[in-house]
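The structure appears right after this line, and notes come after that.
Letters A, B, C, D, E and F mark the chains as written, and numbering starts fresh at 1 in each.
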Amino acid sequence: MANINFLLTEGPFQTEKWSTVSKLAAAALDKGHEVTMFCYLDGIYNGLSTQEFADWDKVPGDYFKELVDKGAEIVCCGICVNARGQQKGKYFFEGIKVGGIPDWAAFVGRADRVITL
Amino acid sequence: MEKNILFMFLRAPFGAIYYTEGMRAVVGMMSGMDEHKVTCAYAGDGAFYCLKGSDKSESAGYVKTIADISETHYYVEKESLDERGISEGDLDETYKVITRDDLARLIAENDVVYDF
Amino acid sequence: MALYLIDLPFAKIGLDTAKRDSDAKVVLVQDGVYADTSGLSDVYAVKEDVEKRGVASRLGGAKIIDYNELVDLIVENKVVNFA
Amino acid sequence: MEKNILFMFLRAPFGAIYYTEGMRAVVGMMSGMDEHKVTCAYAGDGAFYCLKGSDKSESAGYVKTIADISETHYYVEKESLDERGISEGDLDETYKVITRDDLARLIAENDVVYDF
Amino acid sequence: MANINFLLTEGPFQTEKWSTVSKLAAAALDKGHEVTMFCYLDGIYNGLSTQEFADWDKVPGDYFKELVDKGAEIVCCGICVNARGQQKGKYFFEGIKVGGIPDWAAFVGRADRVITL
Amino acid sequence: MALYLIDLPFAKIGLDTAKRDSDAKVVLVQDGVYADTSGLSDVYAVKEDVEKRGVASRLGGAKIIDYNELVDLIVENKVVNFA
């Protein structure tokens, strides 16, 4: 089994990167691989538990919540979180952590593969 | 585990924040417990950042920190320069010109390849 | 063996670099499925992205893969990110 | 005051949300008090959206609402199609092919020109 | 004097659009023009009053707050605000309103010029 | 008279369209100052964007303007957005 690290630098809705990353990571977890993810820049908005969008059955955040439930380790860049007004991740899903680039560097150290999207 | 990481800067600088937040990331990669080794390469529209007159004040602090940690190379790709009508004389001396073949070699040599 | 992950904004330089690697495998993701991969032989494209865009007939010999198969390719090959 | 508005869809669809949120905007522009008239033109990478097989389910509801309000034209630019190797036969019939000269004329005729 | 409407579809930090728009709008207001602005898609994040970023003297939000103080009318798309987890603009600057596309359509109706960035 | 606001992602089509308008004025904003405007005569570029990027010498005959001057151009001309 492999350890795969994802770097996600864009937020939900605006581009489809949240969708590709969350589905690819889910597939990796289902196959028994380890998944870590660092959310950098606008990527941190994916941690929010407060998304409401009636047009879709599931909001992007639901996919990230499911990754955490399946055992993924997700860390959001704290500098980015506070710069973007998200108050230390006050409204993030439980299990999505606020950390720093050292956490990302450690993920890369443990990773067999690194994917950026 | 220590890894060799190539950071490729491919986006036009200033329009998006990757040109400077990428350098923040480089510092972080080098200063963690694993002490990863990083090489930086500018290509595509990212090559514009290597122009002499481009404002490097936002990343100057990171570059200095990086130099204090270890010797790090900054490359810029010749094909990208040619496509954009940039000659070697237009470049800041920090950036060493390499060919696309060299870039392919850097990609092969490094364990991890990031696009910024 | 290296797997080049290609999206449209970096497709030109990414594919051109992949051509310099005789062992290159290329995976087109997202808008990358619009890219012109002529000159490359071992090309894959993500099913969901191809179907949304309706470009199956434009892909030449590219193999259409789902996320499960992409995971396998990622695990089997070093990944080079141009996405 | 009622205005004539041209919405140009220029970005590759699906990678970014503009292709569908732009249609939401078109509906809103037409249904407000001013009852603006809107024309839609696909060009650049936006032309890919006009392919027969591309998934238009997200904007189908908007297109229907638009049709109920007033007659609206959907154009796609020939030069953009040619650059991308798309022939007229590949297109959904909703989209009428125009030349770049025609696009320039639409730009001149409309009061407001949006890029999406 | 003219009425200028801005459409802003990207958020703070990630791209420099927030900077161009806010400085151009400020220049227009200083010259005595009327300014309206509709924040759509990620543009709605510019309304947040909670940004904290020590590296800069001013955060992007400060520039939008100043536009409001100078008399600009700024409305953020409510569907985008809630979809992006920003809870009806709970943490937006006072004076930055949450509305809908009809508000934008009305801005366009009143505008002599429309700028998108 | 129309004023074409040009950023890099839409520069090619925007400038090509402006060339079809004999009264076109072009303003390069943000990364648009990297664009090639050969064949166009009435070209402006935003000072702050030019200075950050250090491209003054690449601009040919383009007039460098500040935000105040850009506001005046916007007020005097219909605006066409390619930014």
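Everything below uses one rule, namely that contacts are C-beta pairs under 8 Å (C-beta built on N, C-alpha and C of every residue); 3 or more make two chains touch, one makes a residue touch a chain.
What you are looking at is a predicted structure, and each value in this text was computed from that prediction instead of being measured.
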item	value
Chains contacting each of chain A and chain E, listed by label	B, D
Steps in the shortest chain-to-chain touch route ending at chain F and beginning at chain C	2
Chain separated most widely from chain A, comparing mean CA positions	F
Chain whose mean Cα position lies farthest from chain B	D
Rounded Å distance between chain A and chain C, as computed from the means of their C-alpha atoms	23
Inter-centroid spacing, chain D versus chain B (mean Cα positions, whole Å)	39
Residues of chain A engaged with two or more neighbouring chains	13-14, 16, 41, 79, 114, 116
Overlap residues in chain D, where contacts from two or more other chains coincide	14-15, 17, 113-115
Junction residues of chain F - those touching two or more other chains	7, 30, 49, 78-79, 81, 83
Pairs of chains found to touch, sorted by chain label	A-B, A-C, A-D, A-E, B-C, B-E, B-F, C-D, D-E, D-F, E-F
Of chain C, residues touching chain D in the complex	7-8, 30-31, 34, 49, 51-58
For the chain E and chain F complex, residues of the former touching the latter	2, 4, 16-17, 20, 23-24, 26-28, 30-31, 33, 112-117
Chain C to chain A touching residues, read off their complex	5, 7, 29-30, 46, 48-49, 66-68, 70-72, 74-75, 78-79, 81, 83
Residues of chain B touching chain E in the complex	14-17
In the complex with chain E, residue positions of chain A that touch it	10-14, 41-42, 45, 48-53, 59, 61, 79-80, 82-87, 91
